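Each of the two complexes below includes chain A, the first together with chain B, the second together with chain C.
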Partner chain A sequence: MSALVVADKVGAWYGQVVGLSELTLEIAGGLTGLVGPNGAGKSTFLKLVAGEMRPARGSIHVLGFAPFANRDYFRRVGFCPQQEAIWDDMTGLEAVTFLMRLHGYVPAEAKRRANAALDRVGLGDPRSRRIEGYSKGMRQRTKLAQAIAHDPELVIADEPLNGLDPVGRAEIQALFAELGRSGAHVLVSSHVLHEVEALTERIVLFHRGRLLAQGPVGEVRKLLSRHPRRVEIRARDTRRLATALIALEPVQSVRIEPGNRIAVETGDVERFFGELTGIAASGNFGLQSLESRDASLEAVFDYLVG
Partner chain B sequence: MTASTHTEIYRRLKGQLEPHPPTARLLWRARMHVAFKRKLPLLVLFVPPWISGIVFSFVVYSKFTLEQGVESPLTAGNGGPMAGAMVGAIAGQLIQVHDQIVMFTHVSRVFALLAIAWFGAGLVCEDQRAGAHLLYFSRPVSRFAYFGGHFLTIASFGAIVTVGPVLLIGLVAVFSSPEYSFLLEKWDVLVGALGYATINVLVLSMIALGISALSSRKTYALAGVFAFVLGSDAVSGMMRATQGESDWGMLGVMSNLRRIAEWLMSANRQMFDWNPWFSVAILGGLALASGLLIARRLRRLEVVA
Partner chain C sequence: MHFLRTTLLFWRTYLPRILRARRTLIVALGCALIPVVALFLLGIKYGPSPIEVFMYPAYYMVLMVLVPLAAVITGSVIVSEEVEDRTISYLLTRPIPRATILLGRWLACATVLSVMFVGTLGGLRAVVEWKAPTWKPTEPQTVEWTDRRGEKRTRTRERETAPELLAAMEDGELPEGLFEAVLVSALLGAAVYSALFAALGTSNRHPMIVGLGYAFAIELFLSNLPGSSQALSVQYYLRSLLLSENPELWGRLQEVQLKTYDTTTQALTTLAIVLVVSLAAGSWVISRRQYILSA
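Right, the complex of A and B next:
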C-alpha cells in the first residue's frame, strides 16, 4: 500500500518565519493525528496537504496528486480549517450548499448533500439560522459539515474539536472514527494531546517546523530508550514500599507523593514490573494500583520536546 | 506518482457534477444574496440615488412635455414660421436635458463612491480575517474566479446606483422627447453617460478592492477608500486654489472622473480643461495598480495563516 501523504524535504516560510523546515515524511492511509504545540507547523502542513499553500522547497504528494491549485485533487478532499472561516450572514445550510455548488454540484444535489452532512455532524434546527448567532461548537460543526458533504476520500481537520463541549467532542470523535471505518482517510491536528490520543493510535509529532516523531503512540515511546519511564504506584504503606523499590536495580528514582502515591522512574520497565510483582507478593505493602504515566501522549510529548 | 490506498472501498464521487462550475458567478450570487439580507444599508445607499434619478427623470419629462403641452410640437402638423420656432424650442430642450444628465452624473459619483466603499471594502479583508479564503481555495476555485466574483459583486452595487438611474433618465428622455428626437439627436450623450457610469464603477471598484486587499478589517478599508479618493481630491483642490492652475485637478480621483464625464458627454467644461486622455491614463493606471496589488495579495493568501 502506497502512502497517503509523501513529503520530501518540504520547506515553507511565512516571510522570515519558518513554517516547516526540510520535512520528509510518509503518512499511511487511515486516521492519523498531528500533534504539536502552537506554532509547531501542524496547520502549515495541513494547508500544504489541502493544497492551500505551495511548498517553498521540496515536494508533497497526496493521494498521488500534487495538491496545490489542483482542481481534480480538490474534488477528493475536504478541508476544515482552524479559522472561523464561515460567513456570518449566511445560514449554516446556505453556507454548506454554496460550498457544494462551488464543487460543481447542481443546486438540488448541493442542498441534499448539505442537509445530509449537517445531519451527520448533529446540527439540527440551527442550520436555518444565521451563523452570526451560532456558538463556537455550532460553527465548528458547520465547518466540518462542509468538509465531509462531498464524500471526500481525505478529510483534513485542523483543530476540529476546539470549542466543542464534552458531548459534542465525543460526537465528532465518533464521526471521525466512522469516517475512518467507511474508508476515508482522516488527518486531524490538535495541540490538546489527549484529544488526538482518544481519536487514533497513529500520531505525527511536530515541533518548530520539524518532524519530531511518527507512529503508534506506544512505538514512539519505545524509541525513547534514553528517557526513563515513569510508573505511579498507589499503596497503603508508601514509605516501606519506597524503601523496597529503591533497592531494585532497574529503578532510577523513587519519589513519595501526596495521596499515598509513589512515582518511580525506571530505565527498564519490563524488568521493573517483573521485580515489582515479587515485592508485592512478599511484603504487605497494601498495593492498590499501578499506572504507567508514559502511556499518555502528553508524557511522550513532554519527553520529546524536553 | 500514483498512490493506491484503501480509498477504493470509500464512496466515490456521486451525483451530477458540473465539469467547470461557474465559480465567479456563484460567488457573486452568494455575496449579493448575503448583502441583500441587510436592509438598512440598502435603504440608505440605494434610495437616495434612485430618488435623484426619479427627480431628474421627472425634470427631463417636464422639459419635453409639461412645458410644451402633452402634444408634441412636431406632430401638431402646423408648418410655416411656427415650425421653425418649435424646432428651435426642441433644440433648446434637448440641450437642457443634456445638461440634466450631465448634472446627474456629477451627483452619481458620490453615490457610487458610498455604495462601492460600503459593499466592497470588506470583501477581501473580511474573508482574509475570518479565513474564508481557506474554504474557497480548498475547492476548484481559482484566484482569478475569486477576484472575478468579488469584482462582479462590488461593480453590481456601483451599477445599481449609477448605471440604473442613468438608464432611467435616458429612457424617460428618449420616450418623452418628440419623435424620439433625444435618441436621434443626442444619442452620444446617452452612450457617453453609460460609458462614464461604467468607467466610474470600474475605477472605484478596483480601488476599493485594492484597499480591501491591503487592509485587515472592513472599517480600516472603508476609511482607506474614503481617505484615498476624497483625500486626493482635497489635495488637488488645495493645490488648484493655491497655485491657480486647474491642471492640479489631475491629482484627484473624482476630478479625473469629472473630466472624463465632461469629455464623454460633450459637456461644457466648467473647471477643468486638461486633455481628457491624461485622466484616462491616470485612472487606468490606478485601476491597473489596484489590479496588481490585488493579484499580489491573492497570491499571498496562500501563505496567510
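Right, the complex of A and C next:
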C-alpha cells in the first residue's frame, strides 16, 4: 500500500526561524498522532499537509497530490487548524454551511451536512448562536465539524483537544476512533502524549523541526531511552573519577578533556545519574559541576516519559 | 465549483457581514452627514447659493474625501481582515479558485459603497432642490461705524455668486447632467479605489495605513501638481468626468483649478483599466501567495 504522506527533505521557514528542517518521512494511512513539545514543527508540518503552506525546500505529497493550492486535493481533505479563530459574526451553523457551499453543495445539502457534522461533534443548541459567544470548546467543535462535514478521505486536526473539558475530550477521541474505523485517514497533533496514545499506537515524534522518531509509542519510548547522551563533568581529580565511571554499567565511553573535564556517553541517563550520586558520595573526587550536553534531547525524553 | 457561482456566493455571504461591521457604520455616518451639512449651509445668512451647496460638498466632501476614505476603510480589509483574524485558513483549503475570495468580497464592498453614495448624493440633491425655490440671496448690507480717530467708516457685507451659477438653478432644479456626472464619478471612484486597496490588502500587512497614505498624501500631491502629472492620480479622472460634462459650471468654482481634463470616454476608459488591472493583480497575488499566519 502506498504511503499517505511522503515528505522528501522538506524545509519550511518563518522568516529566519526554521519551522521544519530537511524532513524526510512517510506516513501510512489510518490514524496517526503527531507529537512533540510546543514549537516542535507539528503545526508547520500539518499546514504543509493541509496545503496551506508550500515547502520552501523539498517536496511533499499527500494522497498522491502536491497539496498547496490544489483544488482536487482540497475536495478530499478536511483541515481543522490550530487557531481558535472562526467568523465571530456568524453562527456555528452558518459558518459550517457556508464552508460546505464552497465544496459545491447546494444550500439544502450544505445545511444538512453542517447539521449532521455539528451533531457528530456534539454541538447542540449553540449552533444557532453567534460564534463570538462560544467557549473555547464550542469553537473547537465547530472547527472539527467543518473539517468532517464533507466526508473527507483525510482529516487533519491540529491540537483538536485543546480547550475541551475531559468529557469533551473523550467524545472527540471517540469521534476520531470512529473516523478511523470508517476508513478515513486521520492525522492528529498534540503536545500531550497521553492524549494521542489514547487515540492511536502510531506516532510521529517531532522536535525542533526535525523527525525524532516514528512508530508505535512503546518502541519510540525504548528507542529514545537507548539513544546515547553526553554528560560533561568537571572535577578536581579527573583521572580517578574517570576510572570509577568507566566501571558503571550505563556508561558507554569516558573521555578526559582539557580543563579538568570528563565527557561521558551513556545509554541510560537516569540510571547513570543515580549511580553517579553514589560515586560522588563514596570518593573524594572534587566534583564541581555536571551538565548534560544534549539538553534538548533531555527535554524530549522528560516530555516522553513524563 | 464554477468561478462565477463561487464569486456570487462570497458576495452574498459577505454582504450581510459587511453591513453589520462597525467600519460600515462609520462610513454610513460620514455619508449621512453630507445632506445635513447642506441643510445647514442653506440656512446661513450670506451663505452659498443652492447650486454651490450641491457642488462644493459633492466635490470636496464626497469626491475628494469620502470616496477614497470609505474605499480605504472598507476595501483594504477585504482580504487582510481574513489574514489578520486568522480565518483565511478555512478559505484557502477549499476547492475554489482563490481569486473568487477577492472578487466576491470586493463586489459586496462595492455594492454597499454604491448604495451609500447613491443615498448621500440623492439626499444632497433632495435638500438642495427642496430649499432652492424659497432661497434668495441676502441683500448686501452696509454697516457704518466711527473708529478711534473719530473717522466714519463703512463696510458692506455681501456674498458674490457668479451669475451663471445663480441662473443655472433658476427653476429650482439642478442643471441637466450635473447630478448624474457627480453620481457616476462617485460610484466609479468607490469601485476603483476599493479595488485598488483590496488588491493592496492581498500583499500588504498594513493596507489601511498604506491606503490612507496613498489617498491623502500621494494622490493629493499628484492631483494638484501643474502639468500632466495629474493624470497619474485617480482623482484627475474623477474630476474629468465632472468637467467634461459641465465645464462652465465647475469652472465658476474658483477652487476647481483644472485647466486640462480628459473627455468622458477617455476618463471612463482609464478608470475601467485601473479597476480591471487592480482586480487582476489582486487575484494573481491571492492565487499564488502563501499566507503565513502569526502564532
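The definition used in the following text is that the second predicted complex is superposed on the first by the 224 of 306 C-alpha atoms of A that agree within 3 Å, B and C clash if a C-alpha of one lies under 4 Å from a C-alpha of the other, contacts with A are read in each partner's own complex, and residues count from 1 in each chain.
Basically, a contact is a pair of C-beta atoms (placed from the backbone, for glycine too) under 8 Å apart; a residue touches a chain by one contact, two chains touch by 3 or more.
The structure presented is a predicted model; accordingly, all values stated were derived computationally and were not measured.
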When chain B and chain C are modelled together on chain A, clash or fit: clash
Partner chain(s) touched by A:I86 [first = chain B, second = chain C, both, neither]: both
Chain B versus chain C as contact partner of A:L102, first or second or both or neither: both
A:G29 touches, of chain B and chain C: first, second, both or neither? first
More chain A residues in contact - chain B or chain C: B
Which superposed partner A:V264 touches (first chain B, second chain C, both, neither): neither
First (chain B), second (chain C), both or neither touched by A:H61: first
Contacts of A:V186 with chain B and chain C, given as first, second, both or neither: neither
Touched partner set for A:I172, first chain B, second chain C, both or neither: neither
Partner chain(s) touched by A:G51 [first = chain B, second = chain C, both, neither]: both
Shared contact residues on chain A - chain B and chain C: 14, 50-54, 68-69, 71, 74-75, 77, 79, 81, 83, 85-87, 89-90, 98-99, 101-104, 146
For the chain A and chain B complex, residues of the former touching the latter: 1-4, 6, 12-14, 19, 29-30, 43-44, 47, 50-54, 61-64, 68-69, 71, 74-79, 81-87, 89-90, 94, 98-99, 101-106, 109, 113, 146, 150-151, 153-154, 182-185
In the complex with chain C, residue positions of chain A that touch it: 14, 50-54, 68-69, 71-72, 74-75, 77, 79, 81, 83, 85-87, 89-90, 98-99, 101-104, 146
Footprint of chain A on chain C - complex, ascending: 1, 6, 9, 13, 17, 20-21, 85-87, 89-98, 287-288, 290-293
List of chain B residues in touch with chain A within their complex: 1-21, 23, 26-27, 30, 33-35, 37-38, 130-132, 134-142, 302-303, 305
